[in-house]
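After this come two complexes, each holding chain A, first together with chain B and then together with chain C.
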Partner chain A sequence: MHVELKEIRKYFGEVKANDNISVSLEPGKIYGLLGENGAGKSTLMKILSGYQPQDSGEILLDHKAVDFPSPAAALGAGLGMLYQDPLDIPPFSIIDNYLLGRDNRLSLDYRTVIAEMNEIITRYGFEADIHAHIDTLSLGERQQLELVRLLAGGAQVFILDEPTTGISVEQKDVLFSSMRKLAHEEGKTIILVSHKLDEVQELCDHAFVLRRGKLVGQSTIPCPNEKLVEMMFGQVPTRRERLPFDLGNPALELINVNISTYRLNVSNINLQIFAGEVIGLAGLEGSGQGILLRTIAGLIQPESGQVVVSGQDLTKSSYHKSRNFGVAYCAAGRLEEGLVSKLSLTEHMLLAEPTHTFMIDWPAARERTNSRIEQYQVVGQPESTADQLSGGNQQRLLFALLNPGLKVILLEHPTRGLDVRSMDWIWEQMYARREDGTALVFMSADLDEILERSDRIAVFSGGVMSRVVNASEVSVDQLGHMIGGQA
Partner chain B sequence: MILPRWAERFWPVVPIIGALLFIIALLFLFGADPLESLNIMFLKPFENQAKMLSVMAFWVPLTLCALGLLVTFTGGLWNIGVEGQMILGSLGASWIALTVDAPAFVLIFLEIIVAMLAGALWGALTGFLKTHGKVHEIFGGLALNNLASMLSLYLIAGPWQPPEGGSFRGTPPFQEAALLPRFAESRFSPISFVLTILAIGLVFFALNNSFWGLKLKALGKNARSAFLLGVSSERETIYAMMFCGALAGLGGAVRVLSWFDSLRQNISGGIGYLAILVVMLAAYRLLLVPFISFFFSLVLNGSLTLQLKTQLHSSLGGILTGVMVLFILLFGEASKLGFRKEVEKDE
Partner chain C sequence: MNDLYIVSFFASAILNSSPLIIAVCGETLTERAGVVNLSLDGSMLMAAMSGFIVAYEMDNIWLGFFAGAAVGAFFALIIAFGSIRLKQSQFAIGFVLTLLGADLSAFLGQNHTRLPGPSVAHLSIPYLADLPILGPLFFDQNIIVYFSFVLVAVTWWWLNRTQPGLHLRSVGERPEAAFARGVKVNLVRYLYSIVGGALVGLAGASYSLGIKIGWSDNHILGLGWIALAIVIFGGWSPVRGAFGAILFGVTKGLATYLQGTFPGVSIQALNSLPWILMIMVLILVSGDFTERLIAYMPQSVQDPLRRQLRLAPPLALGATLDEE
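Moving on to the complex of A and B:
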């Protein structure tokens, strides 16, 4: 199907999220949509998929103007979108969830549906277990499920908004091969929104670049990364070298920690982390890194062993007690765990601060918020609500909410959804915290990020911390082998 | 049902108009003159001081309960137990009125304090059952409502029965000093009105300017994120229930000390449940609550008059409010389901 967007405009108050954008998409091709955080990518894609209306401009499908009142109507016309933040209704089984999207049927014919889904799942090499409940699925599995739903709904155009953040390498490979199959063999159109240029180079045939709501360039792929980066930011951002840092006293000690959860047991963790040190936790999705972070944060109680922070035993302490003691935790699911959609930035700031007054001094709080969001370059007003921020800016807000003077910072997928420039910026801010004696522990699906940003790397597989290595002494390939469980 | 934009702007007028049209149709069906009936219900009371005072006397406890509910709703709590909290308040006030001998101002002061404490205790109990016993506040609230009304029946029939023997109807009338001073032989007490206005200010302040209100707001919108941001859901849940319970308890005191002059069966008159409807119709907006509450009081009092004048049963008022709520739920769901509209509203 031929898709054309003509002079699309969408303003949010003063913000010109989309400012006169025109693009034309051929069937059978994979397009990349690039641009810095807040450039207007998600806005444009949400318009195309019927999630929100444009202020002006036209959408043409096979040269006929269309207007979608809802995402369901867009899917009916063949446009399906995978949102940046999955919009699920958790406590259903996959089949129920699938049926929800197909309310045209009166009776629920489970057997046909299961056969239909299994057919799609095998055709594209997906692995999601359709009998599982959604809340037990990983992000990557939920995503496959969403794709299955779109495929069954008859989508001709697939819009994927940052689909590879937070999913495993295997899941990414499966996703990409299914995308290739859909485009190159079945003639579907794919639009990939991504900040990862390597992925764009790997998958796409053509790329569009947005900046501040305008289409500022396009190019066939492959093309040099520098050229894309220059289009995205208007210049090639310079990177600052990470300065060496003298480590201090032990900030976090894990002694014989055993954790058991219903999904996985993590056993016998021994690790000493020093003030100012950055530790990366590497491993396949669900190998125990996340569970360990939550245990240190006080969200999970270990079965045995000790968690010691700055010489104080916090093994039995609650999340709030640990938090007050200076242990900060940022979860991966921004709008589910960490931010409250309809609260303003100032309100978030007030909640996160370590000390509170009984009465709120709104003007002063606004001032503090303003300087904090300036420091972390959150594009938004103190009055903006969290869900009005672009994905990357929500991520920056999470960082902006970290108080000064912390002892340990625990991060799940810290740069999820950030553009290259702000990724560097955020890491710079994190490194600056070493001066306070803060130790940093983070997990990431991105091995390059782990290698580049950490001092030491703890490798996890199947609930076991199999080894701890110096980041300077391993290569990406070696690390890849280690997390696969091979030496 | 999807509302057009203009209709959304005039919320909550839409469900009210919808319900009124429904009632007019109903009146036609019963062969009554709709214009005359509506006139009796809505306009006549404004010409008659006694009627107006009666409406206001009903308005006071209804508004107090609704204000309390606004706080618990903000925290994401379905405080069905407000009815029981109100009953407990009336028990607390009655206890002082029946047992303490003191000058009027001391008595009234004590009655109000004890009533608020009793209501808060009942609220805290529901909160505690939720946070420590994993009993959902709807079920805990219903159970405690039941318990509260049993307790009041027992007290009326037993320890507090009139000397001439238990009639199961109520306690003997309280001493004059224990009653709230009332305006011109009506049931309306100016003190209770002033307290209600103060409560409106207090709730406004709590929700908009106190850190506590912000914590509740966060809890109500996303309990998980609020927890991660440092909000203790257990403590705030119990506090919110106590806050609501105290206001409802005050409402209960007003019922026994000015609407009636003794503790009666069915002292609450369903005001607790009615208050839930008020808050929903007000779309959880504080500044709408006093007006919606006034409207409800008007309708319910008006339908009593209607019965006297036209033989139509007074349940008409109940039907009217009930239908309004159905209309709200009908339209209210739309804004939840159609997330598309949410997006547009932000502009």
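Moving on to the complex of A and C:
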């Protein structure tokens, strides 16, 4: 199916999210949509998929103008979208979730549906236990199921909004090979929104670049990364060298820590982390890194062992006590655990401050929020609510909420969904905190990030911290093997 | 207590709890769609009053039931309209309607208090009523009891086995996603507010036409709150809600019985019995104890069992959605 977007315009108040964008898409091709955070990529895709209406402009399918009142209508016309956060229904069983909006007879026919799902799942090499419930699945599995649903719904055009943030390397490979099959063998059109240039180079045939709501360039792939980066940011961002840093006293000590949760047991963790040090936790999703971070944060009580922060035993202290002592934790699920979607930025700021007064001095709070927003370059107003920010700006907000003078910062996937420039910038901010004697522990699915940003790397597999290595002494390949449990 | 007495004790407990079952099913439907109809206490009183008066004046109990259902549906419609269209708090509206219902029913019903009026006839089901124990319990009752049991089954089936039920649940759990799948979120919410409200109204009329026949001021004051509590106790499942209602009816009956046997014990103490029992059941079901018990069971049944015992409300309960 031939898709054409003509002079699409969408403003949110002052913000020109989409400003006269025109693109044309051929069947059988994979397109990349690039752009910095807040460039307007998600907005454009949501318009194309019927999730929100444009202010002006036209969508043409096979040269006929169409207008979708809802995503369901768009899917009916062959346009399916995989949202940045999967739009499924977590408490539902997989089958119910799949059935919703598919089968329109009164009584649900489970038997046919199970056969239908199984057929698609095997055809595209996915894996899923269809009888499970959505809220027990990983992000990657939920995405695959959304794809299955779109396929069954007869989609001809697939829009994927940052599908690879938060899924494992294996899941990514499965996803990409199914995308190639769909485009190159079955003649479907695919649009991939991504910040990872390597992925775009690997998968796409052609790329479009947006900046501040405008289409600023396009190119066939392969194309040098520098050229794409220049289109995205208007210049090639310079990268500042990371300065060496003299480590201080132990900031965090883990002594024989054992943690048992009903998913996984993490055993015998011994690790000493110094003030100013950056430790990366590597490992497949769910190998115990997240549980360890939550334990240090005081969200999980360890079964035995000690968690010592700056000489003080915090093993038994609650999350709030640890937090007041200077242990900060940024969760991966930013809208679930980190932010409150309907609260304004000022209200977030007030909640995050270490001391609370009974009466709130709103003008002063606004001032403080404004200066934080400026410092962390969040695109938004003190009055904006968290869910009005673009994905990358929500992530920046999380960092803007960290108070100064912390002892330990714990980060889950700190740069998920950030563009290259923001990623560098966030890390600069984090490194600056070393001057305060802050130790940093982070986990990430991105091996390059772990290698590049940390001083030491702790490798996890199946709940065991199998080794700790100096980041300067390993290569990506070696690290990959360690994570897989070999070598 | 002899055997016969025990059976008739339970039979009357079932009869007494049947309107509660109807109200619980109605409110469960409404809340599963994400709307809270907090006005139950007021709307049931209004429905009991209007049901009785209409049946009395027209000399037709069916018209009475119809009037009760219409009043209940109207109260629910006010809440749905206020929250969906006017974007006001459904809790505030519901609460005001509760207070209004109590006073308005007393005012409108003042000329019809303590009158003998028409009531639902006893209706044994041939053959089945002769079964030992089960017969008197379930088949030698009146139409309200039969209706309440059929309603529980239909509500369960509707929620779990039909496409409209799937739509209904999705709207209560994640309206944005439901909308994206083409479900008309607000329409569904209006619909189940009205259907649920009509059932609540039927429950109110069932009291004045079949259980506590007639009308008096504050006739069934408090029972609406009890129904609301049982919806939560039942974890938003019609089947568990029905059990909760019967459990309530049985303990209530027990309290009355004990009062007769031990006149020395205060009525208030005995009346709090159902509540204490409910809290105990809740703690037992959702506590650490059950979790440990489940841990001993085979792996494959653990997750379904946990899910069955889960008492989580619909995720979007009380939240509204802007359809763009």
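Here is the rule we use: the second predicted complex is superposed on the first by the 484 of 487 C-alpha atoms of A that agree within 3 Å, B and C clash if a C-alpha of one lies under 4 Å from a C-alpha of the other, contacts with A are read in each partner's own complex, and residues count from 1 in each chain.
To be clear about the criterion, a contact is a pair of C-beta atoms (placed from the backbone, for glycine too) under 8 Å apart; a residue touches a chain by one contact, two chains touch by 3 or more.
Everything quoted here is computed from the prediction, not taken from an experiment.
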**Request:** Look at where chain B and chain C land on chain A after superposing the complexes, then choose clash or fit.
**Result:** clash
**Message:** One more residue to check, A:L350. First (chain B), second (chain C), both or neither?
**Reply:** first
**Request:** Could you look at A:S70 and tell me whether it touches chain B, chain C, both or neither (first, second, both, neither)?
**Result:** both
**Prompt:** Is A:Q52 contacted by the first partner chain B, the second partner chain C, both or neither?
**Reply:** both
**Prompt:** Given the superposition on chain A, which partner contacts more residues in chain A: chain B or chain C?
**Reply:** B
**Contacts of A:F12 with chain B and chain C, given as first, second, both or neither** = first
**Message:** With both complexes overlaid on chain A, does A:Y329 touch chain B (first), chain C (second), both or neither?
**Reply:** first
**Request:** Once the structures are superposed on A, label A:E412 by its partner contacts, choosing first (chain B), second (chain C), both or neither.
**Result:** neither
**Message:** Going by the contact rule set out at the top, does A:E285 touch chain B (first), chain C (second), both, or neither?
**Reply:** neither
**Message:** To test your reading of the overlay: chain C has the stretches 114-122, 150-158, 186-194 or 258-266, and exactly one clashes with chain B. Name it.
**Reply:** 186-194
**Common interface positions of chain A, toward chain B and toward chain C** = 51-53, 70
**Asked** Given the complex with chain B, which residues does chain A contribute to the contact?
**Response** 12-13, 51-53, 69-70, 319-320, 323-324, 329, 331, 335-343, 347-348, 350-352, 356-360, 362, 385, 388, 401
**Message:** So in the complex, the part of chain B that touches chain A is made up of which residues?
**Reply:** 209-212, 214-215, 217-218, 221-222, 224-232, 338, 340, 343-344, 346-347
**Fill in**
The chain A residues in contact with chain C across the complex are 51-53, 70-73, 75, 87-92, 96, 99-101, 103-108, 132-133, 136
**Asked** What residues on chain C touch chain A, complex-wise?
**Response** 161-164, 166-167, 169-170, 173-174, 176-183, 303, 307, 312, 314-315, 324
